[in-house]
Amino acid sequence: MTIKVAIAGASGYAGGEILRLLLNHPAYLAGELEIGALTASSTVGSTLGELMPHLPQLADRVIEDTTPEVLSGHDVVFLGLPHGFSAEIALQLGHDVTVIDCAADFRLQNAADWERYYGSEHQGTWPYGIPEMPGHREQLKGAKRIAVPGCFPTGATLALLPAVQAGLIEPNVSVVSITGVSGAGKKANVAMLGAETMGSLKAYNVAGKHRHTPEIAQNLAEVTAEKVTVSFTPVLAPLPRGILTTATAPLKGEVTAEQARKVYEDFYAQETFVHVLAPGVQPQTQSVVGSNMCHVQVEVDADSGKLLLTSVIDNLTKGTAGAAIQCMNLSLGYAESAGLPQAGVAP
Amino acid sequence: MTIKVAIAGASGYAGGEILRLLLNHPAYLAGELEIGALTASSTVGSTLGELMPHLPQLADRVIEDTTPEVLSGHDVVFLGLPHGFSAEIALQLGHDVTVIDCAADFRLQNAADWERYYGSEHQGTWPYGIPEMPGHREQLKGAKRIAVPGCFPTGATLALLPAVQAGLIEPNVSVVSITGVSGAGKKANVAMLGAETMGSLKAYNVAGKHRHTPEIAQNLAEVTAEKVTVSFTPVLAPLPRGILTTATAPLKGEVTAEQARKVYEDFYAQETFVHVLAPGVQPQTQSVVGSNMCHVQVEVDADSGKLLLTSVIDNLTKGTAGAAIQCMNLSLGYAESAGLPQAGVAP
Amino acid sequence: MTIKVAIAGASGYAGGEILRLLLNHPAYLAGELEIGALTASSTVGSTLGELMPHLPQLADRVIEDTTPEVLSGHDVVFLGLPHGFSAEIALQLGHDVTVIDCAADFRLQNAADWERYYGSEHQGTWPYGIPEMPGHREQLKGAKRIAVPGCFPTGATLALLPAVQAGLIEPNVSVVSITGVSGAGKKANVAMLGAETMGSLKAYNVAGKHRHTPEIAQNLAEVTAEKVTVSFTPVLAPLPRGILTTATAPLKGEVTAEQARKVYEDFYAQETFVHVLAPGVQPQTQSVVGSNMCHVQVEVDADSGKLLLTSVIDNLTKGTAGAAIQCMNLSLGYAESAGLPQAGVAP
Amino acid sequence: MTIKVAIAGASGYAGGEILRLLLNHPAYLAGELEIGALTASSTVGSTLGELMPHLPQLADRVIEDTTPEVLSGHDVVFLGLPHGFSAEIALQLGHDVTVIDCAADFRLQNAADWERYYGSEHQGTWPYGIPEMPGHREQLKGAKRIAVPGCFPTGATLALLPAVQAGLIEPNVSVVSITGVSGAGKKANVAMLGAETMGSLKAYNVAGKHRHTPEIAQNLAEVTAEKVTVSFTPVLAPLPRGILTTATAPLKGEVTAEQARKVYEDFYAQETFVHVLAPGVQPQTQSVVGSNMCHVQVEVDADSGKLLLTSVIDNLTKGTAGAAIQCMNLSLGYAESAGLPQAGVAP
């Protein structure tokens, strides 16, 4: 039986990246998975040849309207929509459909956090799509509703989780995440013009104002009983794709570089998509462009009494669309790594 | 039987891209093709984990010295070496080995052209690896020696060939090709520093001085009996990958946009890796990053009496390593498109 | 007596660059020139601290509405408005006011050209602001109405004019101009987002469709009696500022490199803002960032029988705002080079 | 009497930027300051026309060798040399010469710090060139020996100093500074190639290994009696110029946003080159390109109990050459701001 997949928000960056990955998925190449409806809002009626010239195989496909009717009749629906609208559509889809939501609506467990950060009513919590977090892979296997994590929380969580779980650090973390511009989406916006962003660095939504802050805290709180605090500073940098995360936290006691490294190597020993770099090699975003990898490094700074964690991901791949495919693979019972590149497009 | 592949120059950009593509090649994934010796010169003894962190699967592989002894015993040898040294190594490899040379040594047919542009003795001419040129695919099937074309000639040839063959234009062409910086290779060089190249555009080797000039002329001359002249202006632009080629030539007579388009659509109707864009869509390099595609567009400029051709390729993929894999596929009898992405990594 | 200057369109890129240059103008520093009304449309009521954080001296200035009433009472009015609206405002300003228009409305001499390219009624022709063109400096001295040239025509004209005037080439030119993204202005627009433009090259408005085509032809026709044809191909490249122009045209007879160079050196011998580069040095846009310079180079390509001209300017400075200040200097009787940097901000 | 200025290391980025600023300095424009010897090592005999095409006024100047003999006979010598060699030259210059050293040799007060971080013998401590630090302006007035600060310490110090001095925070700071690539200098180096740095972010010399770490700590220690610790993480980003610094530290008690802002506004009330941004405006590096400004912002993050400071400078201007000129102005008795732009070249 052929699996039929629809993508809502297909003309956005998350939608385009899901399509790029699906076109190389072994189930698609074997004819067992079919790309069905591609929907959006402002681009209805346009072809992918106009909107997504990097996908020539789909050049003649036409964008349809995002409605429950168009999306129904598919086995899997990816949602690459603004939050709010995403929940509205999601809640109208049948229980037999696997819904994989790239928006924020169903990520947070705490309704008060949702209301504070998003200013609307909380619609619920779905299995959260970082399979590398303890217990999550099991929840995602066969799941019919999956919340794909935010791009910053993915990079920060994979960098910090082993150290927090092992108790190497106080869970009182300062996270600075530097992101490429595709993270802002494909919306007309003066602040995101090429002329405004090339050759410039800018912090934004600092000091706890970014909506990914409670999501990072929630993930760390899953592996520690201590109170977690997160100082989160996102920075916009002039590159299309990639997030470099740096995180510092106070060491709880004496920790050697070897001990810290062992914690990370053990934690990720079985993971295909997390690569603990060799000693002395710092991660660079170029290495993961277009891939589903997260590269991680850990360093002890004895002088300042802090542990320093760094990680890189491609915000559109492991940070969004790759994670969505990884979750689809777990939901449908494919090999978890099917269709997901490990090699980055560098330089 | 397993095919064993060696890569000489494995720590350069061409070598790295060949590896990235091989890691996703169906023969490799099926265990029928094996990555053997990886050789270089100045980086001997280093690991790929240090040199090529974007290929985590090969992080532990160690670079060996580039010698005929190390390379012998492989079924296929890719050469990603400087010209001169490339011919020296190539001529010491056995006749049973398939040698795919990314350097210039065996591209030119005319010894005088070689001597004028490269200043050394001509070492011969091998089957030339643009399968889309008339007659070339047949020569490449089963070939044991293949000269991979230069990156600029690939973009210019695919843009111009249909119009020259059809006699739409006088073969008296002005070609301006704008390239990303990876085309200059991975050599320490002040002029190619990030600080010198970011935020800047620069022409170089203009007015017939670039070594790719005679190669473009040679390709066009294969499809016309008229005298070919090429004014070639390469420009360096601040992006890692990609070549945009613009070419103008005088129209021979009245040609409508529809007639010109039909010539291109017919010429490339059976080609997997050349995509003639829809009317009004101009090619952009982003669309082909990491893919083996060439996107082409044709426009009639009646006011100036010229035809305008534009094309984009990724200089490292269709411009070098992708072409090399496409040639390997033809040499070994694999599907021509095996392991070669059609979708670009955009944005 | 203090000269009072207003800027309409002060929150756009041309307006911002005029302000940056005025703040360093000796007349402003001496208190003899005052920055008066700053107007715009969609940003009325905002401060420059929000809109133009690079001008901290003006952080508290507030944007007013663009009306003839607000602009009247100034000695000089710079217009950095969309064409059409620019003419509408210009025609309501008093004859005693010096109006320096950065839009296209009054550049073209031929009404039919205007109507064909802009689709509206022609409003007239003003003295055209390239002082380096024969006869233009004299027209601009004391002029009360000045049309600032387009950015592409400035680069192409300064590259081609000496060769056309001297009859070195047939005025049948192929021009490819590669531009940074600020040329598209500060309007919300998906195609100009950072994610769409970084890491990509794209041709646009090719084959005679770009509105600067007739302006280039008009300028060349001022120095030759022969019929001029212009094939113009603009290309968008990932840098904020800068235009690199390459132009080829058939040589009329034998011309040596020395003869060609002498034509250029003689033509520009007295010019402060055009620098003919030393033999063998190709221009790069980085060298002119923020400066009012045009760097030019000339090369003979004997094999193809063509002359190759290359030039670089900063599209916002010599290409727009710097030219506007240079014209103001001529209009008001200041030193022509007052307030205009010759050194570029490189790297 | 004319002041005669020499620049050692004139073909590097610091040297080039000093020249760019001097060419626009009122003393130079008035003929009271003269640009004398320009020296370097590997580029001796080359012209500035080849090495620094952005300075066309100096195109014919020839680079001389860096020796005490060539440099003697000047009133001011700027040193833009590698540390070690800089001290060697400096210590051979006469006491009557004003020596302004852009290298690190004379910045640190503590010899043990020097030896630990630079691995050689400490050569002494000179007046340290951040005039905005309490007491420093007075030391720099008339000084004959001046140590220009490091680029990272300038950004971090100006961001943190008011909060540390006022006791708003524990001087236990986490600093992440993201820099453009010109900071690495104009040396051939594979890791700094355009292809390696464009489209990529990379942390380096993390966890206390960067040599600017003790310099930041030293500056903060000047305004507090408490023990200072600095966790410093430098990150390389794909832009030519600019440093964005983010710094977090634990709040000592309840501090409101208004209180924190007042501390900053008061501290910098008299400073020309530090601009405290309006509430809600985060600094961006584009705003300070080519200018001598530092833009600073302060935010209270009550949830995490931290203060967040952000600042931007141009690493080559306020971070090096602009600071050097500002120090020269203080040494020679010029207006402190002479020749130093406040407006940035944006976009």
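Going by the order they are written in, the chains are A, B, C and D; count residues from 1 in each one.
Here, a residue touches a chain if its C-beta (ideal position, glycine included) is under 8 Å from a C-beta of that chain, and two chains touch if they have at least 3 such contacts.
From a predicted model like this one, the values you see are computed outputs, not experimental measurements.
Asks: With one step meaning two chains touch, work out the least steps from chain C to chain D.
Replies: Each step joins two touching chains, and the minimum needed here is 1.
Asks: Let me check something: if the centre of a chain is the mean of its CA atoms, which chain is farthest from chain D?
Replies: Result for max centroid distance from chain D is chain B.
Asks: Roughly how far is chain B from chain C, centre to centre by C-alpha average, rounded to an integer in Å?
Replies: From the centre of chain B to the centre of chain C is 38 Å.
Asks: So how far apart, in whole Å, are chain B and chain D when each is placed at the average of its C-alpha atoms?
Replies: Inter-chain centre distance comes to 44 Å.
Asks: Of all the residues in chain B, which ones touch at least 2 other chains?
Replies: Within chain B, residues 13, 182, 186, 195-196, 198-199, 238-241, 283-284, 286, 289, 346-347 contact more than one other chain.
Asks: So in the complex, the part of chain C that touches chain A is made up of which residues?
Replies: By the definition above, chain C touches chain A via 13, 180-182, 184, 186-190, 192-199, 238-240.
Asks: Going by the contact rule set out above, which residues of chain C touch chain B in the complex?
Replies: Going through chain C, the ones touching chain B are 172, 174, 176, 178, 195-196, 198-204, 206-208, 213, 229-231, 233, 235, 237-242, 244, 246, 248, 282-286, 289, 299-306, 308, 310, 312, 346-347.
Asks: Which residues of chain D touch chain C once you look at their complex with the stated criterion?
Replies: Touching chain C: residues 13, 16, 19-20, 23-24, 47, 49-50, 52-57, 59, 182, 198-199, 240-241, 275, 277-278, 281, 283-284, 286-291, 293, 295, 341-347 of chain D.
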